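So, here come the structures, one by one.
Shared between the two complexes below is chain A, which pairs with chain B and chain C, respectively.
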Partner chain A sequence: MLVTWKYRPRNTFIQRLDPRTRLIFMLCIIFAFTIPEIWDYRIILPLFALSLTLYLMARIEWKDVRRAWIYIFILVFFIVGLNGLLSGRGGPSSVTNLPSPVVFEVPIKIPFTEIGWDVPVTVSKIWFALNQMTRMITMAILAIPIPYTMDPNIYGTAFKRMGASDKVSFTMDLAFRFLPTFARDFTITMDAQRARGYEMEKLKGGIPTRIRKLAPLIIPVVMQSTVTGEEVIDAMDLRAFGTRQRTWVKDNLKYAPRDYLILGIGVAAFVSCCVLKWVFGIGEYFVPDFFMSLFV
Partner chain B sequence: MNDNSTWAFGTRQVVYGAIGAALYGVLSWVTNIFPLPAAGNITFRPAVAVLIFFSVAYGPWVGLLAGFIGNTLGDALSGWGFYWNWSLGNGLMGLVAGLVMSQITDFRAQGQIIKAVIYGLIGIAVGMLFASLTEMFTGGIDFNTALFGYFTPAFLGNAIVTIVLLPILMVAFAAVASRRGR
Partner chain C sequence: MPNQPLIIENLTFKYRTRPELALENISLKVNPGELLLIAGSSGCGKTTLARCINGLIPRSYRGERSGQVLLHGREVADMQISEIAQVVGTLLQDPERQIVASNVFNEIAFGPENLGLPRAEIINRVDQAISRLNLEYLRERETFNLSGGEKQKVALAGVLTMNPSILMLDEPLASLDPASAHEALEVFRSLADEGKTVILVEHRVEDAIDARPDRLLYMEDGKIKYLGPIRDLPPEIDHTKVKLPAPWVVQRVKALDKVPAATPKPEAGERGEPLVVFENVDFRYDEEYPLVLQNVNLKIYPGDLIAVLGPNGAGKSTLVKHAIGLLKPTRGRVLVEGEDTRKMSVAQIARTLGYVFQSPTHMLYAPTVREELEFGPKNLEFDPASIPQYVNESLLTVNLKGLDEYPPLGLSFGQQKRTTIAAVLAMRSKILIMDEPTAGQDFANYTRFMKALCDTSDNAQSILTANFAATIFITHDLDLAVTYANRVLLFGDKHIIADGKPQDVLKDDQLLRKYRVRPTSLLRLNLDLLPRTGRFLPAESLAAFA
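On to the complex of A and B.
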């Protein structure tokens, strides 16, 4: 059985946008950050404000997105933030190469051994962690609303109208539809295995042993998916899928003036980031004086 | 079990490409909270074994689609954004591993499992090398960082997962497929 995201029609500006506009806008912002490699807070913060505004305009209820946000917060603050703080990796090499005063040191020791070392946390690493977290949240808040505010029936049409081939569009459409189903299957399997005494938190042994012990979670979901696949193939073959160009039922997408406005903003953001970085050399990673003065 | 037409792209490839992508996306999303030491934005992904399995079972197109779309979905859901070179690297990983499909006739046979693992490892090497080296142009890192900071941990992490989980997946699949009769 296929399950769907918690999509609900809402009379909002965001939902009145053409789905292609939203996908292209999201790509523009992601590309604006990642292609010219923007790490300058003076560019990151305005883009963050723009993304946050659009997210709030989607008016999604907190109870719908609470779990997604909790996961994002854990990932961004505790995993990426801490990783950036300690290692300074995941961004430009200048984070660790720039001379920067050490704020404090974190003693790290390999368990059950005497081997250990002090990891210096520099001002540069702290600033980088803040930048990295803001960048990630900016991109995440554009992606999170999509399943809740975009009709699942329109995914394939949107990709098709964006120029993807018939079969690739349908693959993308199906992948989006299967995503919540498998997420649910995975949760159900985990609960079922826990009921049988499987404790994921207490996996013991070396790395290969621990990986092998993940099998009771992964195998049932994967095998069930192969069975589901055969049923879907039968259904599609019975409808003569692939024998001729697919007629996309919801092929009524049209750009309105509001779409051109949002597309214009997205393209402008992308082009501006490229020009600023490659023409004017603005956008590189640096620690601003006001932040440095907090520690020195 | 397989129709042995390695480069066919029909209903089967569309459906299993989508399923592989969704599974890879979901499992990557779940495990994106485990960063690999030394590499800043590379995570430990048991899901790679699932991607290699789909490539081995259903061919290179399925591997390419599942790797590319799945990585994109997993990264987007986690808030990483879209890194075209890593998504393409994951797609290449699946594509190369899928080249073994026509040679796999018995998913329980030890020799064929070993062959699938070897193709999987080659796929991981090609895909991760592509992604790590292109990071030199997109991320401005030097060759040593690309090789030792990105490629090595990514390759080792994915290789261990594949060596351990792929044989289990193949044996389980043999049972399911024989019960289904195709």
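On to the complex of A and C.
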């Protein structure tokens, strides 16, 4: 059985918004960054501030979202940030080629060999990593509150009213609930194996051995997910899902003036980014002088 | 539409992945308004028969099928799944497998929504189903927060809104407390009385009798062994394979003249130092949530065979998870062999307490049953030379010998469950804790392993006598408590309501009903005969006194 996120009704501006508004606004910001490829901090920071304002207006308690943020921070800092810092990849190729002062070098060596080299970390790469992390966090700020502040009963309806098919809409409904279900199964499996003397913190051996020793956790969780998926399919088949055009009883979604306001801001942000980049040439990657002066 | 809702003629089926026939030459006609009970042990073919009727065979489960299954005169294999769904409403064994929506209203409306009915018609059907099953108070609740009984009722409401003429109920009582099970059976009976055809698949015949079935279909090895009125059940239907009412068992045992000797259970009580102590334990999952445990005080002694009874969602599993250290008290403390569980890891506590979780799929991972059983002893760093012996004894106890090289995830649910029990047995902990050990098990199998685990007679070669100092099992099956426990904990309202010998706790009919425990025929017979027996006994042993 699929479970839902820790949703709680709150009397906030964000929760009074139509769910479609929030999804469309989030897409506008993501597209504003990605389609015209905005790397200019003068555009990124205002969008970050706008997203942060909406996030704070949702009034979500830290303890509710702490785990999600830890995961996002790990992803952003250690994967996106370090990747950008060391390789300069994941963004405009010009970053790696840009002549820029070297701040320090990171020695990298292939284990068990003498092969290695020094990776120069330049001012340009540091600025790029900061930019990239800010972009990612801006998008995360909009995405993280959704499961905690959007009624799970209208996930499917929201997508349906955005024009998706019945199957896509209900798939999105199920997909939203998959992650908390996965987390619940992982916790139960962890408890079950700990009760058999399994201690993950005491795993010994090299990386392949350690990965192999994670099997008691990974296999039951994957199996449970598979079984849950099959059960959901059977349960839906037994009640004739997908055989004809579906009626969505709870589809009383209606845009209010506040929705038009937020949608207007979102669309304006997207259009502005496109115009700035493609008409005025503003939005390209560059290292601002104040940042360069910190190192040179 | 022809009036005969269901006709099965010469139905034979073999799963693609299995060599043997799952069904062989089944013929059957079921009438409108009839309640048919299908019984038999695990693997007898009753679930396969249900799948043939609701169309999951041949759509979801592939194999070779011959013969006919006609729903109102139309062959199931020729019908669209949406057509079948409007004729046959299926209620699965575990409501968790059936519920797809996140909210009760959406769940009940799910079927009619899929049929594309007008909104007003859907709301009308949902209202009727809610009213029919008295679910008004659940209407806007989240489905995953419901108790087992509530989930089952919501799943049934979801089936009823499809307005099927046939209801297929596949072991619908498995996850319900006794009072909820009785309520569900009353609903099934009234649906039959209103003209629906109700097919109830259930191996616990005694419990299903409450629904007053019109006929019983008894299956063995994929074949019909008996089809007729339930009162005329022929003596060759083995009372050790399906659970029959205690007076029937007594009659059969007497007729067979094979009354087993009554074996004594060890007396519960204070014998030496307690193994586990709960001191004024309070617990809540989060600050904003209400207490689940409140001022719980409990001592578990060597020799205890404890049955934990109580309603769905009362906190019984939460209680025992404190003993293993998976949960820590919000207030108070839990001591395991004198040490506070807050200062111990779960792995350390596992040397003293072995805990069998409810769901096997959350636990099984190894490529073979043998390796699965070796996992715990290896984690606890047992002497490698002794592990094979522990594994073999455990396999024998749960009747899995011969399957040691099978992949556990390829076994049936009942076999998987027994594998998890064996995996904990192999750890040789001092205390064995089982959470609903009989769920998904047929009567014959769970009787066998409960007897092996709890029977303390010299001849029984009991695992308990040999290894476990105490055994605790959480159960909805009151007869398990009557038959195997020497101490009963009745749990409800966040704390222990009653704690004592089975004959003391279970004699209070009003108290039991208050906490949704329904007296069974075995309990009633034991209470009647208690002056002569002096203790509670299994049905077979009562034959010597009745």
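Heads up, the rule we're going with is that the second predicted complex is superposed on the first by the 252 of 296 C-alpha atoms of A that agree within 3 Å, B and C clash if a C-alpha of one lies under 4 Å from a C-alpha of the other, contacts with A are read in each partner's own complex, and residues count from 1 in each chain.
Note that contacts are C-beta pairs under 8 Å (C-beta built on N, C-alpha and C of every residue); 3 or more make two chains touch, one makes a residue touch a chain.
Keep in mind that this is a model prediction, so the values were computed, not measured.
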| item | value |
| --- | --- |
| First (chain B), second (chain C), both or neither touched by A:Val119 | neither |
| Touching partner for A:Val103 - first (chain B), second (chain C), both, neither | neither |
| Partner chain in contact with A:Asp237 - chain B first, chain C second, else both or neither | both |
| Contacts of A:Leu27 with chain B and chain C, given as first, second, both or neither | first |
| Partner chain in contact with A:Ala215 - chain B first, chain C second, else both or neither | both |
| First (chain B), second (chain C), both or neither touched by A:Met223 | both |
| Touched partner set for A:Met292, first chain B, second chain C, both or neither | neither |
| Chain C versus chain B, contacts on chain A by residue | B |
| First (chain B), second (chain C), both or neither touched by A:Met172 | first |
| Which of chain B and chain C A:Leu52 touches, first, second, both or neither | neither |
| Doubly contacted residues of chain A, that is, touched by chain B and again by chain C | 173-174, 177, 215, 218-219, 223, 227, 232-233, 236-237, 241-242 |
| List of chain B residues in touch with chain A within their complex | 9-19, 21-23, 25-27, 29-30, 32-33, 35, 38-41, 46, 49-50, 53, 57, 65, 69-70, 73, 76-83, 138-142, 145, 149, 160-161, 163-165, 168-169, 172-173, 176-177, 180, 182 |
| Residues on chain A engaged by chain C in the complex (per definition of touch) | 1-4, 152-153, 155, 173-174, 177, 185, 188-189, 191-199, 215-220, 223-224, 227, 231-250 |
| Touch list for chain A against partner chain B, complex | 27, 30-31, 33-35, 37, 71-72, 74-76, 79-80, 83-84, 87-93, 135-137, 139-140, 143, 167-168, 170-179, 181-183, 186, 207-208, 211-212, 214-215, 218-219, 221-223, 225-230, 232-233, 236-237, 241-242 |
| Interfacial residue positions of chain C with respect to chain A in the complex | 54, 56, 59-60, 80-82, 85-86, 90, 92, 96-103, 105-106, 109-119, 122-123, 142-144, 158-159, 162, 321, 324, 326, 345-347, 350-351, 353-355, 357, 359, 361-366, 375-376, 379-380, 409, 423-424, 427 |
